[in-house]
Structure formats: structure tokens, C-alpha cells
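Structures follow.
Below are two complexes that have chain A in common, paired first with chain B and then with chain C.
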Partner chain A sequence: MPKTYTPISTVKIDNSSTTTLDFTSIPQTYTDLVLVCSYGLTAGDLYLRINNDTANYSDTELYGNGTAANSTRLSNRSGYYLSDQGITKPGPATVSTVHFNNYSNTTTYKNVLWRSDDVGVSTEAHIGLWRSTAAITSINCIIINVSGVITPGSQFTLYGIKAA
Partner chain B sequence: MAIRSLKSGTFSRSGLVGNPVIMPGSYESIATVTVGAGGASSVSFTGIPSTYTHLQLRMFCQFNDTTAGLGGASLQFNSDTGTGYTRHELIGEGTAASSVGFGTGTYNGATVGRFYFTPSSSIFSPAVIDILDYTNTNKYTTVRALGGTDVNGSGGELRFSSSVWTNTAAVTSITIPASTYNFKQYSSIALYGVN
Partner chain C sequence: MAYTYSKIATYTVGSGGVGTINFINIPQTYTDLKLVVSGRTNNAANYDYLTIKFNASTSGYSSKLLYGTGAGASSTAAASDITFGALNGDNATANTFANAEYYIPNYTRNSYKAINQDGVEESSATSTVFAFLTSGLWANTDPINSITLSMAFGTLFKQYTTAHLYGIKAEI
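Our next item is the complex of A and B:
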């Protein structure tokens, strides 16, 4: 059987001034993409965008914070909160696993399915819809809401999965 | 579980849906089904090798119907269409979270969530399903699934679920009936083996 789940690119944050990161020129040769993130922020929220598009996003979220479970929906957004229930921490404290199934097709809208765990705060799951039929060629992460940086030690790895 | 590479000294973790990191080289594509014109009432994988530790299904599906909505899908193992499956689901519908649970005697399959059906061809639903320790003949087989649909407004939902097949047989085949609807053309289901 063919081995897959291939690392495409890894970004390791080793300075104290990083506010954005991008995976660009994503190969179109896989079936699915998986982005694995382990990160912390000094302030703000980490937003995820596709192909640098600043519109056409929506998501439905399920989360629990230790005392209650709830669900929210965000429509007509400019990106996705990778983790919107967490609080900022100085070191890598949030782990997110983000699935982009069938990311290269050009006939359907794209889905984004992800889980985020904010250590000591909450656990979340999201299903997102990006209302574009374009193939995903770049994934962009940016801090929004207030000024902050991605803390050193954070790491983001993009994998490609190819179906037989 | 953390695993340390003897070569690099780095640690990795399981790549299953509930965990963050995969080990490159330990994940293999077994088979893929893409639904053709006319749709399909079910999708099957047979002759599954017993050489892996876990299986993972990655789905990108849509049901065929003329009205928008959501429909369920299930997994049946080794052609067992009985009701020896249990399921528990955590559901987010955008306004509230809820949970449902069913013991044996109710459903004839393990849950994999619900998929979108619509006259529009633009929205498909993804799901990632782990079938854990599928060759172990000393215990029941367990399934963990994450999947959902968002439609930029009311009508979508996310489900995080677990199921048990109350049978100790090793899983050698998987059938995914499409409930009362057919899988629509271009729906795809890929089976992977994880070590």
C-alpha cells in the first residue's frame, strides 16, 4: 500500500515578532491537507484564511469549557478563529488539527474541519465552509483583534494525504 | 501516546482524529471509492488487510435529494446488519449543544455523523473516522468520528461521536449504507491504515 501523510512544510517560530505566517504554493497533488498547529499568542486571536480571501467564511462550533457545553455559529466572516474559546498564554498552549478534505477540486465549496484544545481552558470542534470553488493554494494565519505575536516555540506543520 | 524516533530523537503522537500529530511513513492508503453518475446506495471496502493498528476513513460526501437537509450514515462491519452497535454523539447545531446515546437494539451501524443533501452541488460534507484496534479479537471494536456540515446560516451541524460494535471479530470489511438516500456523484470515501 502506498505510504502517505507527507509533510509539505513546517514553520517554527523562533523569534518574538511573528504576527503572520503563510503556507504558499501548496502542491495540488494530494487528496486532503492536514494542518497541525501547536502555538501560543501574547495577545489577540489567531485567524485562518484561505488563498488570502478576506470574505466568504462561516463555521459551526461545538465546545466545552469544563462547566458547560455549547454551540455557536458564525456566518459571513472574514476568516476562521482557530481557537475562539481560549485565552492567550505565553507559551505554546493551544493545539489545533485542521482538515481540508478534497482541497484541490474546483467544483465544490471547500470545507474546513478542525479541533482545537486550549490547555486548561476548553476543547473545541468546528466545521467551516469557505464559499469558493477555487482550489486551495495557500493557507494564511494572522493575529487579529489586538496586537500580539505568536510566541517562540510555536510550530505549524502542513501535511498532504493522497488517496490510492 | 508519545513515540520517540530513534533516528532523530523527536517525539510524535498519534495522527488519529482526536490527536494532533501523525508519524510520516506509518500511514498508508488502502482504497478509495468515488461515486459515479447515478449515485450509490452504499459504499463497501472488502478484504481489508490485518497488518495495521488502526483504520481511518476520510469522507467527502453529499446525499441525493431535492430538498436541503441533513441525513445520517453508518458503518457496518463484516456485513453485520444487526443492531449490535451502540453510539453516543455530541452535537452542535450553532445555537446549543446536545447529546444523544443509544445502546444495542436501536441502530444497525456505527455512527459516522450526518451529511448534507441539497439540490445545490456546491456543498459537500467532510468526516474523519477512526476505527481503533480493528484486528483485536479480545474486545469489541470502537469507532470515533468527527464530521459535519456548515451552510453559512441555520441548518448545519457538527457531530463528535463514538460507537461500539459489540463483536470481537476482526474487521475485514466495511459497508457504509447511505441511510434512505443515495450518495451523490463525486462523493468520495478513502480508507487508510495507521500503524
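Our next item is the complex of A and C:
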């Protein structure tokens, strides 16, 4: 097995008051990043931002809720919805896997690909664009829309993938 | 550099086929599991569906599927089974196998288990094959120590079907 898939940082939620989490000082030595999230929220939606930027996001989503398939387009946003159903989640019942490809380059806008499954609610696939040429040095997750917390037992791990 | 992405076991189906594929005594030392299946069954159609069960449990499963057929997209829900993985049937183009990837985070945790699956069936035939994105739940708090794969319609996994189980360790 090649030594190419390396955990950079893990955040485990052990208390019942966490509303934000940040991965900061991300090493610029990998090719791509993968963020694996297993989480629940007591209310609201989990929003993802890059380098604490509050603008320049757009994404196209394909999703199914068990009865119909749909696609939506969101542009000029202040972040990405990791899961966007806005319901109370009883436990770590959402799985999101987010890919940041070629994250350290300083010449192109960044593509972000992610899959999110809200158990009992929907399954989703997203392609996003962050309109910035800056290298990704931090990833920030916050709860928006209504006050809620990230439920204990949730876990977030950022991996670095080296193509060399 | 840490070894974080380790193969736990590989199952390769031999001549004659098998009805189920089992991974037992799964180590409880990883953070997440990833299961990668390349599969084909003896179902007399282009497709079959891969079924996954944990710890030999027959209850507590549910799922929501988003799928495309090449002509349209739809979504459906299953309240009692995790029959949501991609498998080729025996009428698919010869020598083609479906691909299914399951990601199972925090499989040792004492809470319900959320699972996602991405899968595609492969065939050059014009009749229907599927691409799946799936959200699954096993409503059971037991740590996962075994995985059983079977199928919805056929009776045998065909020769050269493979299943690889990986452990992913998040610890630095």
C-alpha cells in the first residue's frame, strides 16, 4: 500500500457545545486534500468555508430524497452547504466526503467535489468552485441558519494525498 | 509517514461462483472502513443489486437511492434493506463487472451506522444499467465486526468477482 494517504488532523467532538471547527495551517506539501466528516447537528446546516472567505462560492448539486431526483445551482454564495436539508439530526447520521484537488496552487480557481448523505433524508453529489487563486491554508465549518451544535460522537478528519 | 489506508482482506470468487462473500473478525483498530467490490452475478438480466449486511443482522436497515439509467434520473427509498450496491447481471456485456464503493465511518462507535455507496454497472448493451449514489443506515449500536455481501436477484457471484476491505486510520 503506497504511503500517499496521510491524516493531517482529526477533530473529535466530545462536548455538547461545539458550533464551529477549523483546520488551520494546512501543510502545502500534498497534491490533494480529502475531508471525511461523520457528524450530526441538533439544528441548522453545516457550512464549509475556505480560508475564512465569505464570498466567491458556487456549486451544482444532484440529489435524491427517496421519491424524486433533482439538481440545483447555487452561485455567489458565502460558503458551501455540506448538507442542506436543514433538519434536526439525532446523532452522527451524516457522512460527507469532500475533495479539494490541487489545493496548493496559486494560479487557478479551486474545484471542490463532495458527496453528502443525510441518513433518512437524502443522498447528494456536488461540484463546487471557489473563485480564488489563493492556496487553501484553512478549512472552516460552521453551523448556520438556526442555532444548533455539532453532536458528540461526530468526527472530522483531513487527509493529505500525495501524487508523487 | 503513517500507514493509514491498509488492506484488511481480499475475496476473489473462483470457478463455480459463491452465494455470499463474508468478511469476519474485522479488526476494531481502524477509524473507518472502505469496501470496494467489482461484481457480476448469474441473474438473467443486465443488472443485479448488491446487498450488504453487518454482523449477520437482518434488521435495522434503510436507504435512499439516487440513480441514473442513461435516460433519466430518479430516487427511491428502501425501508427494510440495504440492497443498494451496483452489480452486473449475466446478460451484461461479457467480461464486464460493476463497481461499488462503500464508505463506513466510525464503524466501532456505539451509535447507529451511516454508510454511503457509489456504484456503477457496466455494459455496452443499450438496455438499462444503473449508476447509484446511496445513503444508508444500519440502526444498530453494535460495532461492526463482520460484513456479508449477497445479491437481490441472482444466486451466485460469478468467477472473478472481487471484494477488497480496507481500514482507514485517522490517527497521526
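The rule is short, and it goes like this: the second predicted complex is superposed on the first by the 160 of 164 C-alpha atoms of A that agree within 3 Å, B and C clash if a C-alpha of one lies under 4 Å from a C-alpha of the other, contacts with A are read in each partner's own complex, and residues count from 1 in each chain.
Criterion: a residue touches a chain if its C-beta (ideal position, glycine included) is under 8 Å from a C-beta of that chain, and two chains touch if they have at least 3 such contacts.
Values in this document were obtained by computation on a predicted structure and should not be read as measured data.
With chain A as the common reference, the superposed partners chain B and chain C clash. Look at A:153: by the touch rule set out above, it reaches chain C but stays clear of chain B. By the touch criterion stated above, A:10 is placed in contact with chain C alone, chain B being left untouched. Contacts of A:126 after superposition on the shared chain: chain B is touched, whereas chain C is not.
In the superposed model, A:118 makes contact with chain C only, not with chain B.
In the overlay built on the shared chain, the residue A:58 is in contact with chain B alone; chain C does not reach it. In the superposition on chain A, A:69 contacts both chain B and chain C. Counting the residues of chain A touched by each of chain B and chain C gives the higher count for B.
By the touch criterion defined above, A:108 reaches chain B but does not reach chain C. In the three-chain superposition, chain C clashes with chain B only at 95-103, the remaining stretches of 41-49, 95-103, 113-121 or 185-193 being clear. Shared contact residues on chain A (touching chain B in one structure, chain C in the other): 1, 3-7, 36, 38, 62-64, 69, 95, 97, 115, 125, 157, 159. By the touch criterion stated above, chain B contacts chain A in their complex at residues 15, 17-22, 24-32, 49, 58-60, 90-97, 99, 121-128, 146-154, 156-158, 160, 186, 188, 190, 192-193. Against chain A, the residues of chain C that register as touching in their complex are 1-7, 31-32, 62, 64-68, 73-77, 103, 105-106, 109, 111-112, 114-116, 118, 133-137, 168-172. Residues of chain A that touch chain C in their complex: 1, 3-10, 36, 38, 62-69, 91-95, 97, 115, 117-125, 153, 155, 157, 159. Across the interface of their complex, chain B is touched by residues 1-7, 31-32, 34, 36, 38, 58-64, 69-73, 75-76, 95-97, 99, 101-102, 107-109, 111, 113, 115, 125-129, 131, 133, 157, 159, 161-164 of chain A.
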